[in-house]
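Below is one structure. I have some questions about it.
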């Protein structure tokens, strides 16, 4: 079955469009999705997933199991950047270590959405509250990252700081919490939660029927983006490349173990695994550029976008699913 | 029932996305819909509504009642700017008075579309020719506005005018009649009118099925825009703010009275009310910047977009509908 | 029946939106589709058509008849630029002659897609491999065009050429083969070919249901583009204008004759006719600007976009279809 | 290299049509411009947002001879006086080719 | 025509907010800027791609008096030192209107 | 502040790749550019419309030393001669940071 799941994933047009995007870069084609379209597609996906999650939670209601999942989610988004930082610090400077740690502690919404699509293809249920779990996991790692920099690199506040928002914890928390992706998915989630079921259903031709197609189109774009960033990884050493694959695997293993321990629902378990295994290339870079400008965005963005993201959607998701199936009867 | 209709409107995701847009601005999130996407969404809505209106008129045919509605529409779009101007002139300069008068005499297509969506949610029929009414109401107010400026502020034509199109009535009429929104909705209307029913129906998955979703997405954007313009209103006095709420109410009251008098169809009556109560923030600013450049766009655009528009889609539409239901059995 | 087919085509909203686009330019309306949206719509159409073609070929399998069609396609894309060049050379300089020849030897994907839509409206089947035929016809003409320039205008390679990619056959072949449109439609075609039928079907609400609507919207944009380029044709002589109508007719006649001779399937025959009769305004200009910069893009783009394209979608497609019906019982 | 004037004009997008007209009438045949420009000036903030082009600027760059600039100077001044915007003039050298 | 300084700043889009803040605090009321700017500098390539604004620049053009420039000069230098970017200063003449 | 040359190049978008290549080969490591630029010149109007990038320009701004400019000058001239476009050079002061 192992190979089957992986192969099935590979023969899915959604994933194949991602490969097409990579190919576009390899053959240096001039195909490129205009930035406003990328934004439109990503906003569409966040809105659709958020709305669906909220509507489902309205339907199912809050249960103790939900708090458990949310608790694990937040805990992991605090622990992952901490342990990552101390691994990274051996090879990278403090700024880069903190930024990469925040990157891997936080999550990738696109990976999450791809995993939801995967569950859908495999007819596995998941809880709408997983959207909330996703949103909750975005910010803590960013804050941890900043605290680590401040702890290790105490800077003298100077007179000029009055003009600069940098290094202020308040600014960073605000940046993390008001990040567009978070606001859109959480806003849509709340809208789904309070709206009448009939009115949410009336949006389904937009939010659900064309969803897979929009995702396929978007993954084409993600393939191009990942391909372009991959070029930046050519000069990176084996350390960062192995980090970008091994740490997600370790995080996934931890969550799979916890899922078995706490008897999580299989769909939720996969999504939680994917969240922990994923790395942020939207919210974190935006926050880090402002809070830790001395960290090298040319390092942490490609790690997340060009290595961890493809690894997760191509190999990771089916692999984690296979393991969960193996361990959770 | 009053509160029910209002509440139902408030719990509609479409309207909630508008609130989410306002929230985005309040919390200073970086979420922002790229301008090409705003344009795409608004063009999509105009095209869909135009096409549907035309196809429905082709189906129903022209009746005397239609001329009645169109007559009222045009008449109001001439009277409203006239009486508004004389109210405004007490507090504002001639240029601003004329521009604001034109703004409130003209209409907002997005408010109109939101009202159509409201009728749809409440299973109320309306005539396809209302699209024509909308298009007819766009230009007259702009022309009146310009005539008022010319009447009160006779300027000496100078030699340099050869290079400038400003202040020329011909230029303004052309500007008003060739405004993109008008051309698109009227063009689509005519296409809907002459096309074979089967061929219009073949477009429905695009023009109708995903309509509500696209509208919701667009209202998110409108919320952001309105929120941003709202900041500009902070320094505006109580005069303009009350004008922006009271004049729409007065206009609505007049139309509701006329609707009862002429026994209009309820759906048509609501749409006509909404058109008169709405204020333009697309066509009029574009025309005014060119024809009355000395008017302050930072005044009339926020009034229409940040006060009257939200007022109408949140409170106005359900309120007018409630009143119409009360008065037209 | 002749007039019927033509009229039916003219009363199709898709074609009427093209006319609306032309009208927009004539009345100098400010309606304009932002460039990212044009790109999005064209990419959407290519992706959808490619995917469908691939899935259909996967279903039908390869047959000898397919090789026949592909053979004719490639042959024509070599012959057309050759004979066109020698006609053009009588009036135009070498550079322009070669560029125009390449333009008419290559194909227009949008015309092709419009023809597919036409077949769909008339319930005529066609083979999915026609997408491959289209892709195969893109490049040869570009290469022929460049070879012709090199043959007639042997240039001395200079030292500075090291910084310039111009005039190199390798660069041009790469440019032609990696052109975004080709890569996207061929990539989607291959994805359609290898994906599981169920997974392709899951994309249909996006790739098929809203297809006609997206095409209508896109043709509105094409109308605007064609209208704008038409202005550039005002100064062009009767020679280029008649070339832009007659050469497509001649090419169509040749293919219709071959189709009767080889007993091609009627749908395939129409598409092949349309491909040969169409002229490129995306891939060829991009390649020519780089390979033959001295050719005047203000000549060959308007010819293809403002004359041949409208001619084909308004008159050509129904005409070729009428003739095929007449000659192939 | 040849000495030239570089004229930069920042004006509301809606009025860019009038600048183009002026250049055409004065027979200035080389110019460059781009849209999507934001800014702030006497007429408030142009933030680039909205469905119309009311709050957007266009940026023009025109390299021309002293004589050509003299030709458009007064016309330009009149236009800017009426509709707002700014114009900056500086010296550049033109790389002949 | 009036002699003026033209200040051009190229800075990461994410930091454009800070430049705007600085201008506001120093009471510089006229400026122009646009996004979607790409480039390369000490901090690597900004290619304009991606879903965040991490790899994009903003271009600022500020026409101001010598005195106004003096007011922002040091603040600007501090900002650029911290977050990167470049600033170029030249002389222009301002077409009065 | 340090005296520098400011080189501005306006060229068809399709050829921007060649400018980037030239800068890379000549080891010019700081530059800025943006797309979506329209204009008019000897090769007609570039109106920014269309599905290809045939009718669009790219604007380059390069701050460099006199010596660096000398290095690219002739190469640039050759490129512009072949494919069109313009290049303007002026003096700026670079705000050191």
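Labels A, B, C, D, E and F are assigned to the chains in the order they are written; within every chain, residues are numbered from 1.
Just so it is clear, a residue touches a chain if its C-beta (ideal position, glycine included) is under 8 Å from a C-beta of that chain, and two chains touch if they have at least 3 such contacts.
Just so it is clear, the model here is predicted, and its values are computed rather than measured.
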Return the chains common to the contact lists of subunit B and subunit E. A, D
Please identify each chain that touches subunit D as well as subunit E. F
Counting hops between chains that touch, how far apart are subunit A and subunit B? 1
Remotest chain, subunit D as reference, centres from CA atoms: A
Farthest-lying chain, centroid of Cα atoms versus that of subunit F: B
Between subunit C and subunit D, what is the gap in Å from one C-alpha centre to the other? 39
Between subunit E and subunit A, distance of the C-alpha-averaged centres to the nearest whole Å: 33
Quick one: which residues in subunit D touch 2 or more of the other chains? 34, 36, 53, 78, 90
Which residues belonging to subunit C are in contact with no fewer than two other chains? 30, 34-37, 39-40, 205, 209-210, 286
Which of the chains are touching one another, listed as pairs? A-B, A-C, A-E, B-C, B-D, C-F, D-E, D-F, E-F
Touching residues (chain side subunit A, partner subunit B) in the complex: 34-37, 39-40, 43-44, 47, 51, 174, 177-181, 183-184, 187-188, 191-192, 194-196, 199-200, 202-203, 205-207, 209-210, 286
Please name which positions on subunit F make contact with subunit E in the complex. 1, 4, 6, 29-36, 61, 63, 90-97
For the subunit B and subunit D complex, residues of the former touching the latter: 35, 38-39, 42, 158, 160, 163-166, 224-225, 228-229, 281-283, 285-286, 289-290, 293, 296-298, 301, 305
Given the complex, residues on subunit A that touch subunit C span 8, 11-14, 16-17, 20, 23-24, 27-37, 40, 121, 205, 209-214, 216-217, 220
Could you pull out which subunit F residues touch subunit D in their complex? 8, 10, 34, 36-42, 57, 59, 73, 76-78, 80-81, 86-90
